[in-house]
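One structure below.
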Amino acid sequence: MTENSINIVLVAALVLAALWTVMTARTLRSAIGLAITSAILAIIMFRLASPLAAVFELSVCAGLIPVIFISTIGLTARVEEESMAAKQREKLRKYAALLVLVLVVAGVLVTMHLPNDFAAPQGPVPTESPQVVMWDLRHVDLIGQIGVLAAGAFGVVILVKVSKRA
Amino acid sequence: MPKEAIELFSLFGVGALLVMLVGFYSLLTTRSLIRVMISVELLSKSVMLLLIAAGRAVNRTALAQAMAITLINIEVAVVVVAVGIILCIYRHHKTVDTAVVQEIKG
Amino acid sequence: MNEMMLLLPILIPVAGALLVLLAGRSSHSARFGLTVLAAAATLAVAVLLFPQANNATGITFSHAWASPMFSFELRLYSLSAWILVAAAAFALLVTLYSWHYMAGRPHGMLFCLYLLLTLAMVCGAMLANHLVVLLFFWEGLLLTMLGMIAIGRPGAWKTAFKAFVIVGISDLCMTGGIVITGLLAHTLRISDIDHLATTGLGGLGMALLIIGATAKAGSMPFHSWIPDAATDAPLPFMALLPASIEKLVGIYFLARISLDMYQMSRESWLSMMMMVVGAVTIILAVAMALVQKNYKRLLSYHAISQVGYMILGVGTGLPAGIVGGLFHMVNNALYKSCLFMTGGAVEKQTGTSDLNELGGLGSKMPLTFLCFIVAAASISGFPLTNGFYSKELLYAGALDRGLIFYLAAVVGTFLTSASFLKLGHAAFLGKRNSRHDAVREVPFSMLLPMVLIAAVCLLFGPGNALAVDHLIRPSLSAAAAGEHHLGGLLPHNWLLAELAAGAVLLAILNHLAGWRRYGSGLHAVDHIHHAPVLSFMYDSAAKGWFDPYIIGRHIVRVVAWIGWGMDRVVDWFSDGFWVRTAQFGGWALATAHRGRYALYVLWCLAGAAAVIGFLIRAM
Amino acid sequence: MLDWLILVPLAAIILLNLPWSDFIRRRAAVLAALLAAAQAAMVVAAPSEWVSRASILAQTLHLHLAMTGLSRVMLLCIGLAMMAAACVTQVMFSDDFRRRANFVSLLLVSLLGMNGAVLVTDLFSLYVFIEVTSISSFVLIAFTLEKKSLEGAIKYLILSAVATVLMLGSLALLLLMAGTMDFAGIKEALASSNGALVAKLAIGGFVCGLLIKGGLVPFHGWVLGAYSASPAPASVLLAGIVTKVCGIYAMIRLATSVFPPNAAVNQVLMLLGAVSIVVGAVLALRQTDMKRLLAYSSISQVGYIVLGLGCGTPLAWAGAIFHLFNHTVFKSLLFVNSAAVERRTGTTDMSRLGQLGSAMPLTNLTSVLAALSTAGIPPLAGFWSKLLIILALWQAGVKQGQAMYFVYAAVAVLFSVVTLGYLLSLQRKVFFGKTPENLELLGAAKPSGWISTPELILAAVTLAAGLLAPLLLLTGSFLVPTGSF
């Protein structure tokens, strides 16, 4: 198989995983579908020469976030699960339109071509490694990340902790 | 712009758009707040793919990865906060149906 | 020192008013004693000032005020000097008169207060040498007038308000005139305003000032409050303001306007306007007076009618007319206040002023009757009375300007004589109402002013030269006063004098004929009242069709109704259209915000699609 | 000192959450208020070379920050609004100082995010700091864990996610074109490939994302919930400054530093601005709750700012930026007032309120001032900014001969009147009129200096800005020429 065919298969798999994620009746399976989608995305990232991002994607998005979702489902959705299962048939009907839509849009997009009417980036290709970029060149982003994580942490403290206590 | 680069980006761009479509569709139609957040996650997957593909297409993978990792961090924070809010909503309403979050209107 | 004395005519009455106010609930005599004292002191000051000020330059008092443009400036000179004396004298006499008259009537303290303040305002208006200062006193006079009418019989408020509106409107006109005059003259100091041209804006300014001055004097069409006030206000008010002081102030200022401040040529439309207003006022008011059945109301119409003579006289712009007008002003103040006082005396003793109930009082109140005869003869222009001489001067002036004005004046004289024959006959002669058998002569304090004034009336008849050539003419400029002596026992124009006397004689004959026909003095002129065309006019007048105030109220009502209707239309349009549209829009928008996040996401996506689509097309 | 604006809030957050710092935690709100006030004072008083010089720390950390005339105005606004919010916080959560410290920590995260957003020179960093501000806002809105707060927070979160998708997609396209994320590089790339589909998509996507963040119609679905259901200090902060930094400021930054001058974008902005003015005002007219009314009023006022931005002439820009400043001041003030009313009566429902004027004279007075300024009554600050915007629209209309400019100007004038209408009706219902029988003033909630101080300061600022506006405009303090942004 050529490189391109593999890419096409991977993209198709990604879209199918996403479709399954939203179409499956049980929320738990949906969370697992998200994990699978993330994993496929991680593979794509590997293939797109972005191993570091792929590792993060695999560990955090395919690992941590589904776990968060699953534990949330565990805390909330026990009642939901049964009612959702009962509505499975209705649900399929609801998402049948999505299938058609995805096929049509995919067809349209494949036949269309992105116009090549812009220049490639000028200047030399930077040679720094992602680590250097991240740790040495984008300190401002790092401070932003600290802020984001702090906000998330306070969110947990305020929302989750109190929620559990109640 | 080199032809191969455009084609590479176009392929993954199409994939990202389709995932985005799926995500938006689900976001608009689902009845569960948890699924809403899963849809949001799908949306961020799609833009992540777009970003990495763009980085690869123009040989700026280092920058793209740095951005992607930052985005993953942000994603985690958003998800954590969202899940916390959903848990609190569940505590109030004993359900995560989206119908409970339409009291503020008019 | 002399300059400072100019403040006294203003300050003394104000101080007196304050004392009256402080005295509060003191006795009637104390209160009136104080008032008489203050009025007498004012008169004394005026008399003391007279010789010093009786020249063209006069005395000037000036005090820097807000800015150089607005100095507080008073000036007393020949013309204002003797009018000031006259005003103070009338105030003193009316105060004396009202001492007894007001006994047992309510609001005695307020009456004294207003009377003294009125005196202060009048003195201020006479003395003011600055248009803004003048306006201050002028408006002050309006306020005291309002107060004086309002303390009359119950319900006088309505009349007071009517007077306030009418005079207020005319005062507004005058304010406009003052503004224009100030603009044209670049100064507001009256003595510096020198014969402004009456073309264009100047004409408008002068016309507005004239409106203010003549309205204060009570000319048509600003007259309609006076008859109402006659029945509603306390009678001394009538003797003081409409009968004497307002004439003095109004005509004085009219003379200032037309003789000094503006260049009123005989050919200008303003002169014509004044003469027309004067003639119309004479005829219409006296015609109304003729048919009145109330002592005071009848007199009040004469108070209006007589102003017509003065305005006509000043309006001629001829020495004879101007001097005659001013002389007539003095005469009118004399006999009219005397007449009002006789009316008050009759009312005081009988309790009524309705002529239907009066009659035969001549024998019971002989001195009052005598005073009435003198005053009535004067106002009718009976030969050898002061009215005869002043009217003769006016006739001469009017005839010079046009036969029609002369005719108006003569017809006015005829009707005046007729109405006073009727009044005297109805009140003092004929059959006495049995209820009035016990009526006695009024006390001394009321008699004294009447008798004094009647005496002066007689004095100014044969001795008219005293007033005309020693007071009036010296105070006017040479152009206005003429070169010849105008006074004298013998008339200058025998033909005119004979015609005037003829008019009086005709009136007597007419009265005798009417008396014979109707058998009653009161109804002796009913044939005029019921004459074919005239009866319709009289009926209309009785309904108030000729009263500018009532017409104005009707107009205002119509305008308000139209405005209300337009308002409804606008309301309908705004309520029924804009508000409904806005309400519907708000409702639709609010309903669109259903609270579903999915809807909002959809809006965002649709909006984004639209924006991006537009950008792709337009960029 | 530029980096201090980011590092000091960060240090403060850490300080507040050390295990042994209960002493500081008790005084957290005071600390935050002082910090914010210091920031406002610094940007006003300090010479610009001193402010914009990077410290040694910043040089070792390679922090690429930049200060412009616009960021200076924004930093001042941030300081004022944050100061008001922190002061209100001090009296809001008086029962539990640890909870209050958490709230203040979130305020400081928000401060960090906003300061970062106005100082960065890199598009991705701008996005990151916007996201920092947004995430802290979600938690701030949901802080009381009441039903409506949670609803407001989750809606804001979802719509923010949509904005994120739009902005990040645009970032990916820009990366494809420019290969870099800093403003200068992207500007160059966009200029060299003008008219490319990718460029149009990128610009459109980013602008739409910012419009969502800024709460313009039709991207405003989250605004009502976020402003009206959040705790009082969060409303002050959100309505006062957060949406302006995340949406409007970023848009100005893009328009000046990144995008080439663009008539089509301007047309979109003007249209959406005018629509926002109308929709916000019409909806505000219907409201019976103080905070909801103020929320819709915010949409309307942001519409004015965007209308000015879209007009695009230097005069209009000056007006827009001045209005942004004014809006921060008077909307913060109005929300502080609503916090005072809520604290005193326990409700913001206007049908249950009335005649509070005598009980709360200062709040009454400042509310009148803020309302008049919002409606654009001279000589208050709002008048000048609206005047500038309307004048600029008029001038542009005359110059370009397009009727739409006059229509927009007419809309701006007309809806000033509507603004006055709904704010005066608020004033009448809350502070004048009759006291409903069932309204009980909470006796325990005595007027507090922590409410009246921000009220006074903000009222003084709006008054001073109004009186000094001609001077400010003459000396050019707000009239920053387009080139110097």
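Details
So that you can tell them apart, the chains are marked A, B, C and D in the order they are listed, and the count of residues begins at 1 in each.
Here is the rule we go by: a residue touches a chain if its C-beta (ideal position, glycine included) is under 8 Å from a C-beta of that chain, and two chains touch if they have at least 3 such contacts.
Quick caveat, the model's predicted, so the values are computed rather than measured.
Across A-B and C-D, it is A-B that has more C-beta pairs touching.
The distance from the centre of chain A to the centre of chain B, with each centre set as the mean of the Cα atoms, comes to 6 Å. Separating the CA-averaged centres of chain C and chain D is a span of 69 Å. Separation between the centroids of chain B and chain D, computed from CA atoms only, is 27 Å. Distance between chain centres (mean CA atoms), chain A to chain C: 98 Å. Residue positions of chain B touching 2 or more other chains: 9, 23, 27, 29, 36, 53, 55, 58-60, 63-64, 70, 74, 77-78, 81, 84-86, 88, 101-106. Counting partner chains per residue, chain A shows two or more touched chains at residues 114, 118-121, 137-138, 141, 144-145, 148, 151-152, 155, 158-159, 162-163.
Looking at chain D, one finds that residues 124, 128, 131, 135, 138-139, 142, 145, 154-155, 158, 162, 179-180, 195, 197, 224, 283, 286 touch two or more other chains. Under the contact rule defined at the top, the touching pairs of chains are A-B, A-D, B-C, B-D, C-D.
Residues of chain B that touch chain D in their complex: 9, 16, 20, 23, 27, 33, 36, 40, 43-44, 46-47, 50-51, 53-55, 57-60, 63-64, 67, 70-71, 74, 77-78, 81-82, 84-86, 88-89, 92-93, 100-106. Within the complex formed with chain C, the chain B residues making contact are 24, 27-29, 36, 98, 101-106. Taken together, the chain D residues at the contact with chain A in this complex read 6-7, 10, 13, 61-65, 99, 102, 105-106, 109, 112-113, 116, 120, 122, 124-125, 128-129, 131-132, 135-136, 138-139, 142-143, 145, 177-180, 188-189, 192-193, 195-199. For chain C in complex with chain B, the touching residues are 590-591, 593-598, 601-602, 605.
Those residues of chain A whose C-beta lies close enough to touch chain B in the complex are 4, 7-8, 11-12, 14-15, 18-19, 21-22, 27, 30-31, 33-34, 37-38, 41, 44-45, 48-50, 52-53, 56-57, 60-61, 64-65, 68-69, 72-73, 75-77, 79-80, 84, 94-95, 98, 101-102, 105-106, 109-110, 113-114, 116, 118-121, 125-126, 128-130, 132-134, 137-138, 141, 144-145, 148-149, 151-152, 155-156, 158-160, 162-163, 166.
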